[in-house]
Amino acid sequence: MLFAILAGFIVSLLYIPFGRFLKGRLAVLASLLPIGLFTYFAAFIPDIQDGASIAFHQPWVPSLGINFDFQLDGLSLLFSLLITGIGSLVFLYAAAYLKGHPYLDRFYAYLSLFMAAMLGVVLADNVLLLFIFWELTSISSFFLIGFNNDNADSRKSALVALGVTGGGGFLLMAGLILMGHLSGSYSIQEMIATNEYLKGHALYGLILLLVFVGAFTKSAQFPFHFWLPGAMKAPTPISAYLHSATMVKAGVYLLARLYPVLGGTDYWTYPLIIIGGITMLYGAFHSIFRTDLKGILAYSTISALGILVFLIGIGTPQSLLAAAVFILVHALYKAALFLTTGVIDHETGTRDVTQLSGLRKVLFPLAIAGLLAALSSAGLPFTFGFIGKDLVYEATLHTDGILPLVLTGLAVVTNIFLLYAGLLAGLKPFAGRLPERYSAIHLPHALMWAPPLLLAILGIAFGAFPALADASLLNPAATAMINEAIDSPLKIWHGFNTVLLLSGITLALGVALYLARKPSAHGLAWIERFNPLSPKHLIASLTRAVHRFAIRYTRTLHNGFLRVYLLRIIIFAVLLLAFRLFSGGAIRLIPDQLSPVGIYEIAVVGILVAAIYLAVTSTSRLTAVVATSVIGYGMCLLFVFYSAPDLAMTQFTIDTLTVVLFVLVLFRLPSFLNLANRGTRIRDWLVASAFGAVIALIGIQVLNQPIDDTISKFYGDNAYVLAKGKNVVNVILVDFRGFDTMFEIVVLSIAAIGVFSLLKLRLKASEKE
Amino acid sequence: MISILIGLLCTIGAVAILIAAIGILRMPDFYLRLSVTVKAATLGGGLLLLSAAFYFPEEVSVTTKALAIIFFLTLTAPVAAHLIGRTAYFIGTEKWKGTVRDDLAGMYDKDTHQLSSGDATEGDSVSHPSS
Amino acid sequence: MVKQFLMNLLLAFTWVALTGVLSYSNFLFGFAIGFFLLWVMNRNESDHRYFTRVPKIIGFFLYFLYEMIRANVQVAYDLITPKFFMQPGIVKYPMNAKSDFEINLLSTVISLTPGTLILDVSEDRKVLYIHVMYLKDKDQFIQQIKDGFERRLLEIIR
Amino acid sequence: MELLLVILIGILYAAGIFMLLRRSMVKLLIGLTLLGNGANLLIFLLGGITKGKPPVIDSAAKLFTDIYADPIPQALILTAIVISFGLQAFAIVLLKRVYVLINSDDLDDLNTPEEEDI
Amino acid sequence: MLPILLLFSLFILLRGHYYPGGGFVGGLIAAIAFVLHSFTNGTDDTLKLLRVHPSAFIPVGLGIAALSMFAPMLVGQPVMTGLWFNEPFPVIGLIGSALFFDIGVYIVVVGVVLTILFTISQYSE
Amino acid sequence: MIDNTLIFPVIVHLFTAIVLLFFWRKTVAQRIISIAGSLIAMLLAVRLFTMVWNDGIRTMQAAGWDAPFGITFVADVFSSMMVLLTAFSGVAVSTYSATGVARGRMLYGYFPIFHLLLMGLNGAFLTGDIFNLYVWFEVIIIASFVFMTLGGRKAQIEGAVKYMAMNILASTFFLTGIAILYGITGTLNMADLSLKIGALENRKLVDITAIFFIIGFGIKSAVFPLYFWLPSSYHTPPSAVAAVFGGLLTKVGIYALFRMFTLIFIPDDFLTTLLVVLAIFTIITGTFGAVIKNNIRRVFSYLIVCHIGFMVGGLGMYSEIALTGALLYLFHDIMVKTNIFLIAGLIRKLRGTMNMDKLGGLYKEYPLLSLVIALVLFSLVGVPPLSGFWPKIYLFEAGFIDAQYALLAAIIVGSFATLYVIAKLWAKVFWKDQPELPDGESLRDEFKPLNRFRKSLLVAPIVFLAAITLYIGLAAENITAVAQHIAHEMKDVSPYIEAVLGPNVSP
Amino acid sequence: MTLSTYIDYVILPILGVALVLVFIRIFKGPTVVDRVIALDLLITIGVGVITVYSISTQKSTFIDVAMILALIAFLGTIAFSYYLEKRGRK
C-alpha cells in the first residue's frame, strides 16, 4: 500500500529526467499510473464489503509517533476509487486537451504528485501523516492553479488559494497536535478509542475550532470559499479533478473521518450545520448569476461542499449515508460537467454561457454527457442525483425540534438553485440554435469526449441500479464514519412521502426558474454590486489593513536611526533590570569591609569624573579625545593603586595608541554640531543616568556577596611551582588561560586585516558581489 | 638617614611638580604654560625617580630603570615641547597681551610651513602675524 | 679618545667584579679610580683631550643644574605671587652651532632651562627661535646664551 | 573606596550610554570606549580590590608570602582591553570611511533609502 | 632612539613571565618605536627599514603562537600545555613553550599596530 | 583522559587562515586552500560528532589544568552538532565563494577572514568557559565587521556602522554579565558556574545576571526589541557573506542562550515569561517586516528575525518537548538560511538585482534549478514533510502543554507569513515573466558567460545544502533523535558537569 | 613617621593636588594645544605618582609601569602636534 501511495511521488520525480519523452503521442501512457492504482484499489472492494479493513504499518519517525500507518476502510476506499478513477479519466482527457503543450510533462508530474498526496490523505490512519499529505495537496494545487504562470491572474489565484488553504492548514495542524497530545496518540484508531475523553476535555472546543477552520478552508466553506472560483484559472482538467471531485473534498473527508472521534456533540453539529447551510445556500445563489461556465460550476461546487458539511453536521446515520452518496454523485456529475465545459472552451474559445447554444449539433456525445450530468445534478428520478437528493431531504427531515423545517427549507431552496445551475451548465450550451460561428466545429479526439460521457453514464447507471454502488461502496463508507452498521439499502423508490413531494417541488421550481430566467451580464453586474460585502473583499481589505499596519509598524520600529535603536535597547535593559532589582527585597548597602580612601585616590576619581564630563560635553572632537585619554590614564592610575601593574601598562599603551588613531582620523573633521534639542538631551540623560544608577546598585549588591577565591588561590600556589612563572597575571595569560590570549591576538589580526582592506580595497564597478 | 634623603628628594620633586601644575594653570598664554611645565615637571619627575633609585638599592634593575627614565624624560620633553610649540604657533594660538617681542612673525611660508632664518630679508619685525 | 673611554669602562667593570658588589655607587667609584689611573698613566699628547673633557662635562652639568634651579626658583616665585612680572617674547637667535648633533643638544639644553623654550629651527639651520619668559633686552639675552650654554657646549663637543 | 568606584562605574556607564545616543559617530565611538572602561572597572571591582599587593611572586620566593590581589580579573581585563582595542581601531577606521563617504560623521545621514537596494 | 626602544621592548617581552610585561606590552612598545620613527622620518622610510610590509608579521606571529600552542599535542599533552627546558637560561630564566607563545604574541602585536597605523597614515596622505 | 580531538575543528580553520595569509595575493591558491580546509574541517566535524554520539561527552582541559582552573573545552551532542552544521555551511559557502565573490575581495583577505570566522564559531560552540566564550564572540564579531565592510560600498558601510554599534553594545552587556558572575561565584568554568549558581541563595542577583546575558545574547541573536541591527545590515554584504551571517551568526547567539539558560541559569517564572514574551514580539516583528519588503534579502532578513522567535519561544517554554522543537528548528534553520542567502546571491548573479519587482522568468529559463530552490524555500516554510515541519510539531505540543496560546498563535502567524512571503517570492521571481526594466537599467546575467565548472561551483553548494535539508526532512527520525538527546541533556546537566569536573562532584 | 606614611599623607596628596590643577587646565583649554600639553604634564605627574607609590608600597614592580608611561607618553603629544600642524597646512 505504501508503494501505491508513493508511486505517484516516484513517477512525478521520474518526469524530471524522462518527462520530455512523454510530450507527444506517448502522453496517454501517463494515465497508466492512475488506471493501475484504480485497479489496485478496486480489488479491495470485496474485502471491504465484507466489513474488513486493511491496515499497513511502516516506521518512519517513531519518536514522534509518525509512521506510515495506513488504513483502508469503506470511506478510504470510496475516496481512493474516486481519486484514481476520475484521475484516470482526467489523465486521459488531458493528453488530448493539452496536446502539444510545452510543459505537458510538468503538468503530469504535478498531477501525479497531487494524486499521490490525495491518496495519502484518505488512507492515512495517523493524523499527522494525514496532515503531511494534506499540505502536499495544497502545494501541488498551488503549482497547478499557477500552471499558466505567465498570467498574472493565475499567479494571484494560486497565491490566494495557497494563502487560504495553507493558513487553514497551520490551524489544522495545531488542532491535530492538540488532539494527539490529549489522546496520547496520533493514530485515528486510537483516538476513536479515547473519543469520550476528548469530547469531555476543556480544550474540546479549541480542537473543534482549529479542525473546522482547517476543513473549511480546504473545502471552501463560507467565508473561506472565495479561493475556489479563483482556482478556476487552472486548466479545466485540473478544475475538474482537484477543485470539484477530489481535493476540495479533503475537508469533507476529514470531517467524515473525524466524526467518530469528535462528532455527535452540539459543538460539532451546530457550527457545521450553520456554516454548511450558509455555504450551500450562498454558493447556490451565486451560481445562478454567473455567466462563465466554470464560474457556475465553481459556485455550485461550493454549494455542494456546503451540503456535505451540512450533512456531516447533522450526523444522523441517514445524513452520513446521504453524505457518502452525495460525494459520489457530485463527483460524477461535476467532473463530467467540467470536462464538457473544457471541450466547449477548447473548441469555441469561450465559456460565456450567454454566447453558447446549439452545440449538440457539432458536439453530440458531449451533449449527451452534459444532459445526463445535468439530469443527475437536477436529481430527476432514475438518476443517481435523485437518490442523493432524496437522502438529503430524508436526513434533514429526521432531525429534532424545529430544525427539520428550517433545514429542509434550506435544502430545498439550495437544490432549486443548484438544479438551475446544473441545467445552465449541462443543457444550455447544447440546446437551441447553433450560431453560425460555431458551425465549423468538429468533434474532438475521443479522449476528450469519452471521459465525460462515461462519468455521466455512470451517474445514471448508479441511479437506475443503486445496488451497484450501495453495498460495495457507499454503505461501508457511511459505516466507517458512524462506526456502526447501517441497515438501510439505497432504493430508487421510497413510495409517496414528504421526500418525494419535496423533490417534486424542487424539480418544478428549478425547471421553472431555468425556463424563466436567462443568464445575462446584467445579472452578473447586479450580484457584483454586493462584492464589497463579500468575504473575499472583506478579507482582502483586512489584508490590506494588516499590510498597511505592517508598513507603519516596521517603519516606526526600524526607522533607520541608530540612536533610536540604541535608546530602545537601553530602555528595555533599564526597565528589566530595575524591575528585577526593586521587586522582592530591599537593596542592602555595602558591608563593613570597605578599603580606606586616600586623598590622591579621591583626586584621581575626581579627575576621572570631570574628564568624563568634559568628554561628554565638549564641542571639539579633539578635546573629547583628550578627555577620553585622560579617562584612560586615570584608570591606569587606579590599576596601579590596586595592584595591577600589567593592566596599568596595557591600559596606558593601548590608550595612547587609541589617541594616536583618533587623531590620525579626526584631525580633518570639523567640530561637533549640536544636533539634538534640549528635550532629547534631557531624555537621553535620564535614560543614561537610570542605566548608570542601575549598574551601580547592582555593583553594590554584588559587593555584598562573599568572594570564592579557590581558583585564584590555586593560581597563586601553582604559578611558579607548576607553571614556572612569577608574574601570575602573565602566567594566566600564557598558560592557565592561554587560549584567551591566543584568540585575542587573532582578534587583533583580524582587525588589522580589516583596517587594511577597508582603506585599500576599491572594488571595480563590475565586481558586484 | 637614607630615608631622610629620600624624603627630601621626594618633597622637592613633588613641590617642583606642584609648581609646574600651578604654572600650567596660572600662566596667561600657551607658550608660557609650555615653558613652565616642561622643565618643572621634568625636574620633579626626575627627583622622584631618583628617590626610588635610592629606595631600592639592592635592586639594580630599579636603579637602571629610574636612571633610564630620567634620561628619557630629559631627552624627550624638550623635543615634544618644541614640536607642540611650533604647531601652536602655526595654528595661530594667541599670545599673552604682555608679550613684548615676536621675531617669528611672518617667517613661515604659509603653504609649506618652511621657516626662513630671515637673513635674506632681514625680517626683524615686531608686527604680529597676519593669521 | 673612544679608546680611553672604553678602557675606563673596562677598569670600572673589573673593579666591580673584584669587589663583588654589583651596585651603581661601586661602579661609579671604580670608574673614578680607573679615570685616575688612566690620567696618571697618560703620556700621549694626542689623547690628552679625554682628561680635560671629562671635568668640563661635569662642569657643564653643574652649570646647567645651577641655571635650572635658579630659573625654577624665579618662575616659582613669579607663580606663587599674585602679580606677573614677566615680559615674554620670541627671540631670533643666530647660532654658532652647525651640526645636527650640536643643534639638538643646544636646543635641548635651552628648552630644559626654565624661562626659555625653542619654538623652531629655521630651514637653513642658522637660527633658533626662542620663546623667552623674562625678556629684558634682546641682545643681552642672546649674549647670555652665547657665553653660557653655547660656548660651554661647543667646547665639550669640538 | 569601593563605593567611590561603584559610583564611578555608574557614571562611566551613564556617560557611555549618553554618548551612544548622540548623532555623531565620533561620540558614538567615545561612548563605546567609556562603556568598555566601565565594564573593565566593574570586573576589577567585583573581583575584589586589594591595595599595593600585585600578584607577582617575590624574586626570592617560590610562593606568595603575603596576601595578593586576585590575578584573574586582571587577566580578564587585559584580554578585554586588547580585544576592545582591536574593535576600537577598526571602528575608528570605519569612521574615517564614513567621513570620506558622506563628508560628515552624522549618523542620521547613513540612511540610503531602500529603493536604492541592489 | 629606535634601537633603544626596540631593545627595551625585547627586555619587556622576555621578562614577562616573571615581572609585569610580556609579549603584548613588549610588542606595543616595539610598534611604538617604529611609529615614532615614522613620525620623524616619514612612513615610507620606516617601511623601507622594515623591508617587508608589517602585515606580513601577522601570519608569522600567529603561526609561531599557534605552533607553540599546539606543539604539546605532538607529545600527547593537551593543547597549550607548557613544555619546558629543564635548565634555566641566563637573564631569561626557564625557556618553555610559553615564551615562544609570547614571542608570537609580540610579533603579531607589532604587525597589527603597524599595519593599522601605517595604513591610515598613508591613506590620509 | 587527554583528548585533543575536539579542538581540531578550531585548529583546522586557524591553520587554514594562517596558510591563506601567506598566500595573500594568490587568489587561485586561496580558493583551493579554502575549499580544502573546509572539507577537512567537515570530515573532522563528522568524526567528532560520531565520537560524541557514540561515546558520550568529551572534554579537553586546555594546558592540562583540571577544571575549573584552566579553560575547558567540551563537546557534547549539542556543541558537536553545531560544529557539524557549521562545517556543512562552511563547505558550501567556501565553494560558492570561489566563483561567487569578487576577486577584489579575495585579494583583501576574504578567505582568511572567512576561516577565522568559522574558527570563532567552532570555538564558541566547544568552549566550556564563559570568558573564553566571550573571546570567541569577539573573534566572531570582529571577523563579521571586516566581512561586512569588505569592499566598502556605501550601503555596506551604513549597515556596518549600525551592526558594529549594537554588537559592541552586546559585548558590553556580555562582559558586564561576566563581571557580575565572577563577582558572585569566583569562577568562569561553565560547569562550575552551574553548580555555584545553583547553590546561590540570592536569586535576585542570579536573575539580574541572567538579564545581562539575555540582552547580550539577545542582541546577537536579534531578539525583539534588540534586533535592529539585523535588518539594517544583512542586505548589504556579498551574498556568500550574508549566507554565513544568516545561517550561523544569529544562531551562535541562540546557541549561547540555550547553553546559558539550560546549564547555568535555569529559567524561573520570571525568565520564562520574559523569554516567551520576547519570542512573541520577535515573531510578530519579523512577520510584519517580511511581508512588506520587496528586496529578496531584506525579506530573508526579517524572516530570520521571525524564526529566531520560534527558537527563543521554545527555550522560554523550557520543557523537554519545547527544547526538542527549538533545537530541531535551529538545526533546520542553519542549513536553510545559509542556503537561501546563497540562492539570493545566485539570483543576483543571474539577473543583477534582488528586487522582486525587477525579477522574473527564472522558472522558464532554469526549471531544474528552480525546483531545487523551491525545495529549499518550501523547507523554510515548513511544508511537510520537509525540514521546517518537524520542529513545529514539538513546538505546538509544548505550547499546548504549557498553555502558551499566545506564543502558539504567534508561531502560527509567523509560519503563515513565511508561507505567504515565500509563495509571493516564488510567484514574482520564478513564475512571472522577466519584466521590462526601467530606462537605463539592463539585465546583467553574470551566470551565463561562466564556464561549466564555475557554474557548478555556484550551484553545487546550493544542491549540497538542499540535499542535507532534504535528508533532515525525510529522515526526520535521525535528527529528531539528536534533538531529543540534547534536550534531555539540557534538562539533566549532571553528565555535562561530571564530564567536566569529574565524577565526584554532586550537584 | 615612616617614609611610607610620609609619602601617603604628604607627597601623594601634593601630587594629587597637582593632578587636579593640571586637569583644570585640560578642562579649561581653551585650545587643543593647551590641553595636549596639560595631558603631557598629567602623564609626567603620573610617572611621579607611580614612582612614589612604589616606594610607599615597597613594590618595585610599579617602577616598570612608570617606565612605560615615560617611554610612551610623548607619542600622544607628537601625534597631536604632527597632525594639528598638518591640518593647519591643509
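Should a chain be cited, it is by its letter among A, B, C, D, E, F and G, assigned in written order, with residues numbered from 1 in that chain.
The rule we apply is simple: a contact is a pair of C-beta atoms (placed from the backbone, for glycine too) under 8 Å apart; a residue touches a chain by one contact, two chains touch by 3 or more.
Quick caveat: nothing in here was measured; it's all calculated off a predicted structure.
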Subassemblies held together by touching, chain B left out: A, D, E, F, G | C
{"item": "Neighbouring chains shared between chain D and chain G, ordered by label", "value": "A, E"}
{"item": "Between E-F and D-E, the pair joined by more C-beta contacts", "value": "E-F"}
{"item": "Greatest separation from chain C - chain, by CA centre", "value": "A"}
{"item": "Chain located farthest away, centre of chain D as origin (C-alpha)", "value": "A"}
{"item": "Averaged-CA centre spacing for the pair chain G and chain C, given as whole angstrom", "value": "26"}
{"item": "CA centroid of chain A to CA centroid of chain G, Å", "value": "70"}
{"item": "Distance from chain F to chain D - Cα centre to Cα centre, in angstrom", "value": "27"}
{"item": "For chain A paired with chain B, centre-to-centre distance based on mean C-alpha positions, whole Å", "value": "79"}
{"item": "Chain D residues counted as touching two or more neighbouring chains", "value": "16, 20, 28, 38, 40, 42, 46-47, 51-54, 56, 59, 72, 76, 78-79, 82-83, 86-87, 89-90, 93-94, 96-97, 107, 110-111, 118"}
{"item": "Multi-chain contact residues (two or more partners), chain E", "value": "18-21, 24-25, 29, 32, 35, 55, 58, 62, 66, 79-80, 82, 112, 116, 119-120, 123-124"}
{"item": "Chain B: positions in contact with at least two other chains", "value": "22, 34, 42, 77, 79, 81, 86"}
{"item": "Contacting residues of chain A [partner chain E, same complex]", "value": "645-646, 649-650, 653-654, 656-657, 660-661, 664-665, 668, 723-727, 729-731, 733-735, 738-739, 741-742, 745-746, 748-749, 751-753, 755-756, 759-760"}
{"item": "Residue numbers on chain G that touch chain A, as the complex places them", "value": "8, 12-13, 15-17, 19-20, 23, 26-27, 29, 32, 35-36, 39, 42-43, 46, 49-50, 53, 61-62, 64-65, 68-69, 72-73, 75-76, 79-80, 83-84, 86-87"}
{"item": "For the chain E and chain F complex, residues of the former touching the latter", "value": "55, 58-59, 62-63, 66, 70, 72-73, 76-82"}
{"item": "Residues on chain G engaged by chain E in the complex (per definition of touch)", "value": "61, 64-65, 68, 71-72, 75, 78-79, 82"}
{"item": "Complex interface listing, chain D residues touching chain A", "value": "1-24, 26-28, 30, 33-34, 37-38, 40-42, 44-59, 62-64, 68-72, 74-79, 81-83, 85-90, 92-97, 99, 105-108, 110-111, 118"}
